[in-house]
Amino acid sequence: MLGTFIQQTVNALTIGSIYALIALGYTMVYGVLRMINFAHGEMFMLGAYAAFLVLTVFVGDIGAVGAFGLTLAFFGAVIAVGFFGVGIERLAYKPLRNSTRLAPMLSSLGVSLTLVTGVQILAGPQPVAFPSFFPTTRYDLMGGTVTSVQIGILVAAFVLMFALYTLVNRSRMGIIVRAVSESRPTAQLLGINVNLAISAVFFSGPLLGAAGGILYASYYGIMSPTMGAVIGLKAFTAAILGGIGSIPGAMLGAYILAFVEVGGTALLPLITNGVLGTEYRDVLSFAILILVLLVKPAGILGEPVSEESMVYKREF
Amino acid sequence: MKIAASLCLGVSLLATPSFAEEISVGLAAPLSGPQAYFGNTWHNGFKLYWDKLNAEGGVNGVTVKYNQQDDKADPREGTLVAQKFCDDESVVIGLVNFNSGVAQSTLPIYEDCELPTMTFGSNPDLTKQGYKFMVRPVANDLANALLPAEYALQKLNAKTAVIVSDKQVFGQGISEIFGTNFTAGGGQVLDTLAVAPTDVDFTSVLAQIKAKSPDVIYVGAVMPQIALFAKQMHEQGVTASLMVPDGGYTPDFITQAGEANVQGTMVAIQVPPMDASPAIAEFAKLYKEKYGEEAGPYSIYGYVHGQILEAVLKSTKGLSREEINDALHVVKVQTAVGELEFDDVGELKVAPSYLYKVEGNDFKLAGSR
Amino acid sequence: MSVAGISSSAKPQASRLVAILVLAAIVALVAATPFLPNYHIRVVNSLLIYILLGIGLNIVIGYTGLLDLGFVAFYAVGAYTYALLASPQLDLHLPFLLIVGIAAVLGMITGILLGIPVLKLRGDYLAIVTLGFGEIIRIVINNVDWLTGGPKGIARLDKASILGVEIARPVEIYWLLLVTVFLVGLFVWRLERSILGKAWAAIREDQDAARGIGINTTNAKLAAFATSATIGAIAGTIFAASQRFVSPESFTLQESVLIVLMIVIGGIGNILGIVAGAAILILLPELLREFAEWRILFLGILMVVLIIVRPAGIVPRTFGPEKLIRGLFGK
Amino acid sequence: MTLVFKNLRKQYGANVAINDVSTDFAPGLIYGVIGPNGAGKSTLINMTAGSYTVSDGSISLDGHRLDGMKKHQIANSGIARTYQNIRLFDQMTVLENLEVCAYPAEVYNTWREVLWPPYGRERAAARRESAMEILRFFGLEGYGDAEAGSLPYGRQRMLEIARALAMKPRVLLLDEPAAGLNHHETAELTAKLAELRSPERIMLVVEHDMDLVMTLCDRIVVMHHGKLLFQGTPAEVQASSDVQLAYLGTDNDIDDIRAAAQDRRAQLGIRARRRS
């Protein structure tokens, strides 16, 4: 029983870490542009494909890549995807910055469709096996099984999130981003380079998403052009749950969602005496999301937007 | 210019054999999206067979054209494709719908326009609805899930099983049938767990299963889920025997899950081993030559469907849809997978079904019926 | 933005020409369709169903300004109502019109039930919650096998018939859809111009100021949700009756998103815009059928380009049926 | 019929915006609310209209409590307002901005309107006519079919007041109606507002433009640091040294204050004379 409990906790932490890396991208973009970037899940997918490309093209035989090759692939891919994200913003979202709120969101849907189909055409629609970035070793932890890959993911995710958190709170660029996120017009008046801040966000968001994608692909040993859709939706849900726009909120939301999912699988059949099986897991996740939003309409750590202080103009 | 053009026309008219008749075959399957690989390779098997026959002048002077359409594995899209075939009078037979769900929506349309079809959807319900213009030249899920259950009980001496289904038409159908057969044979199904068809993480489900320690786990799902399941099952230290349906019969299953993680996994499919007969070996060779890749899991059936069509064209009285339908229902043909003929409802009288065990990097035949 | 009313009245000739052309195109298409091959009729039927769905969802998105990403749930409610009441599944074979009525009521009830808890949320939060509800409904349908057949769906639905006239062939479905689209379109058009429609617009423009002039925004939004859900459910019954097979895979999130896209690309808040959006997103891929995956790539790029070029949609909000009719008579 | 504030209090955390304000307003009069920035003038209006919740105390109209009611209910009990930052329904036409005010009275006939076209036409015509009447009053009749958002700023201010008037309110709350207007527009506005004085209506004007306030208002309420500092006729207000001090802040240089107060008095005096 304890073994199962520990096992499930580790599983939830692993999934939650991947969700968190992606949720951060959603939340940062929302923070500065008040836009839901539906193409963000595709950055996650592109990360995995880019790493794969680096491995095959620049490093050669996938089976025999050394630590150097892996490091190269990882950083090469995430940086490439980061720049790609900036490029997409310039092309597809920037022209819509002063348009209705719905326009860039739907533009991002178009981008998402284009990227998925593009990868399907270039790399084939079927899933592809992905090499493991860590040798898989199993450890026994009080009756539960933990793999080295899981530990690697936890460590990598924590390092990346800590780095982001430090950057946002300590660096000059972080201050600029936060200023723009607080109020774009005011930042503009203060002479802050808003475009630079937006580019920074569209660089770091996809970068983290890509990192998540590589970790994910190496954990599950597989990647596919459509892998971003489902995980993107979950990460987005997590970001909303935690309070979209809030960086700690995204992380918290991601881990909560992961624990709800794992807990749902484990407990739903027990609690309902088999009436509701594991197939209702996603119903539980959404139900909890809805309940949280009914109590806290801006998410758990979202800044409460009081009815009084906000001018509600048309949203689209 | 004008003279040159008419000359060309004259030459090309001379070049085609006279009195040739041409029919069209409607090919419908997912050609885009995640299932495109299955649809394409299935159709490729058929084309492989008929490209050769066409080049040789066809059957009794009849050559075959392909009208290949993407049904996107979507029932709504499927109905549009079906109507397209129905409207095109040159289409006299359809090789249609990889997915049972799509077939459910298209079969009434084919029935209405009296277009005979060879259906690939394997859900047992399809033939129970009294359609007169369909046959199913492949074993349905009933046959396909019987063999693994028997094998688990008799050869593996399994007493208990846990069933996992992806809650899709195919996955749920076949895992239910496995469960029924397993229980009927004296086994006990400890639990039936469902996952979402988009899930990639089965660790929490596996932790549940681990606590129950069954002898056998049957996963009614498709690729890549079954590969992910196999991999995670191994990583989480679950030691039961894993059984999966036909989707696992592909080299991808072994590469995606990792060779070490799938040893001993049982895969049931309607396809005989590629070295089972000279005919199949020949097919595998031809396929690789033509398309530059290994045959897909269902390519052999495309090839077999080509053989069935050849036999139908040899025996038909005419080329109308109705005459072809009549010939299709009574055809008896020696194919790469054995002798095939259809019963009253269009189901195979003897439906070949095979069970493989993953050993090393390969599938070894473990049983058949 | 210029003063639309003034600038258009300055050039009545041009708008009259446009009006005549647009109306002529619509009339020609409507009249020609029955003579086309069945495949084309089916494509048009598909288009009409999406137009119907677009009209329904537009009430919530275009008129009231609420982003609903779970609209397909109501479509599913309608489709499954028909599937359950006119098939061997429960061995019930009720007449089509009765089922349409039942589905409409059920759609309305679902709309209100979903609406009550979520309508105090706004913007993105409303979007994700409606999305969640849509998914919950689909998952539940997929899992209550004893009632809905689960993933297998329900097959062998009855052919629809109205007053003894069977409606099953594509052309018959076409007439049914055409009449429905016309009636629903007319109803919604009048609704938009009613005092309730004006209140929706006020909520869309500035919800707080709308409350300030005495509009009970919760009730008005609920009315929008319920009307939209009712139309979605009606579309669902016709869809089920024309396909005669329903399964959960027809009611995915993608379907909801597609309808939203259709509305926005075509021109938000405008029935003619919905027609244009449906033509691009439903008809275009069908015309490009030969190109398999390339058509989806093309569609993706086209979407981005269209939104950048015309963020408010192809057809301007003010260019509605009213404008067409006025243009026609040169007023 | 009176609007009564009783021990009214508004608090955000530790910050007290309105502190124990009690007063009442009688119909037929125009009240000006003045005071330096941050005195709580707008808060008072926002609380009355239900935009802000009341922390303590009560607001009542004719003995019916307004605080605690929902915003639309307050509006429907006859309280109409304008906003400091113009809040029109931008993409609706000028006429529609006014017509929609008939919603509370007519929404229950929506079905009839939709399903019975003659009735629909009749109602639409009636609504249009009463909206036109108000537009004519404000000189906006030429803009009827223009989008509200496309109007010049000054017209938008007028339109917002017109919309409030279309609600046929018993209490009209105007939050800085002259903000951003030029002299000419302010004068026009002042004249229009004066015409709105009616025996059945209470009017409350929050305004920085002293010219407008002194010209227009019958009574003046002076707010300072969330408290009600003084209430009286314009003349009384002008005479009060408290008010001048409040307005000029608590600068230590008493000479400066005196000088400024002198100045102010002179200004106000001129205006007061002109008014009489």
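Note that the chains take the letters A, B, C and D in the order they are written out, and that residue 1 is the start of every chain.
Here, contacts are C-beta pairs under 8 Å (C-beta built on N, C-alpha and C of every residue); 3 or more make two chains touch, one makes a residue touch a chain.
Values in this document were obtained by computation on a predicted structure and should not be read as measured data.
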item	value
Chain closest to the middle [Cα centroid of all protein chains]	C
B-C compared against A-C, more contacting pairs	A-C
Separation of mean Cα positions, chain D and chain A [Å, integer]	48
Between chain C and chain B, distance of the C-alpha-averaged centres to the nearest whole Å	37
Cα-centroid distance, chain A relative to chain C, in whole angstrom	32
Inter-chain centre distance, chain C versus chain D - centres from mean C-alpha coordinates, in Å	43
Contacts with 2+ other chains: residues of chain D	51, 87, 90-91
Residues within chain C bordering two or more other chains	139, 142-143, 204-206, 208, 293, 296
Of all residues in chain B, the ones touching two or more other chains	32, 36, 167, 194, 196
Chain D residues touching chain C - in the complex, by the definition given at the top	49-51, 70-72, 75-76, 80-81, 83, 87-93, 96, 99-104, 106-107, 109-110, 113-114, 117, 120, 123-124, 127, 145-147, 149-150, 163-164, 166-167
Chain B - residues contacting chain C, complex	31-32, 36, 69-70, 74-76, 79-80, 83-84, 86-87, 100-101, 104-105, 108, 112-113, 123, 125, 129, 167-169, 171-173, 194, 196
Chain C - residues contacting chain D, complex	1-6, 187, 190-191, 193-196, 198-199, 201-202, 204-206, 208-217, 220, 317
Contacting residues of chain A [partner chain B, same complex]	4, 7-8, 11-12, 14-15, 117, 120, 124-129, 136, 138, 145, 147, 149, 220-222, 224-227, 229-231, 261-262, 265-266, 277-279, 281-282
Complex contacts: residues of chain C adjacent to chain B	37-39, 41-43, 46, 139, 142-143, 150-153, 155-156, 169-170, 243-245, 247, 249-250, 286, 289, 292-293, 296
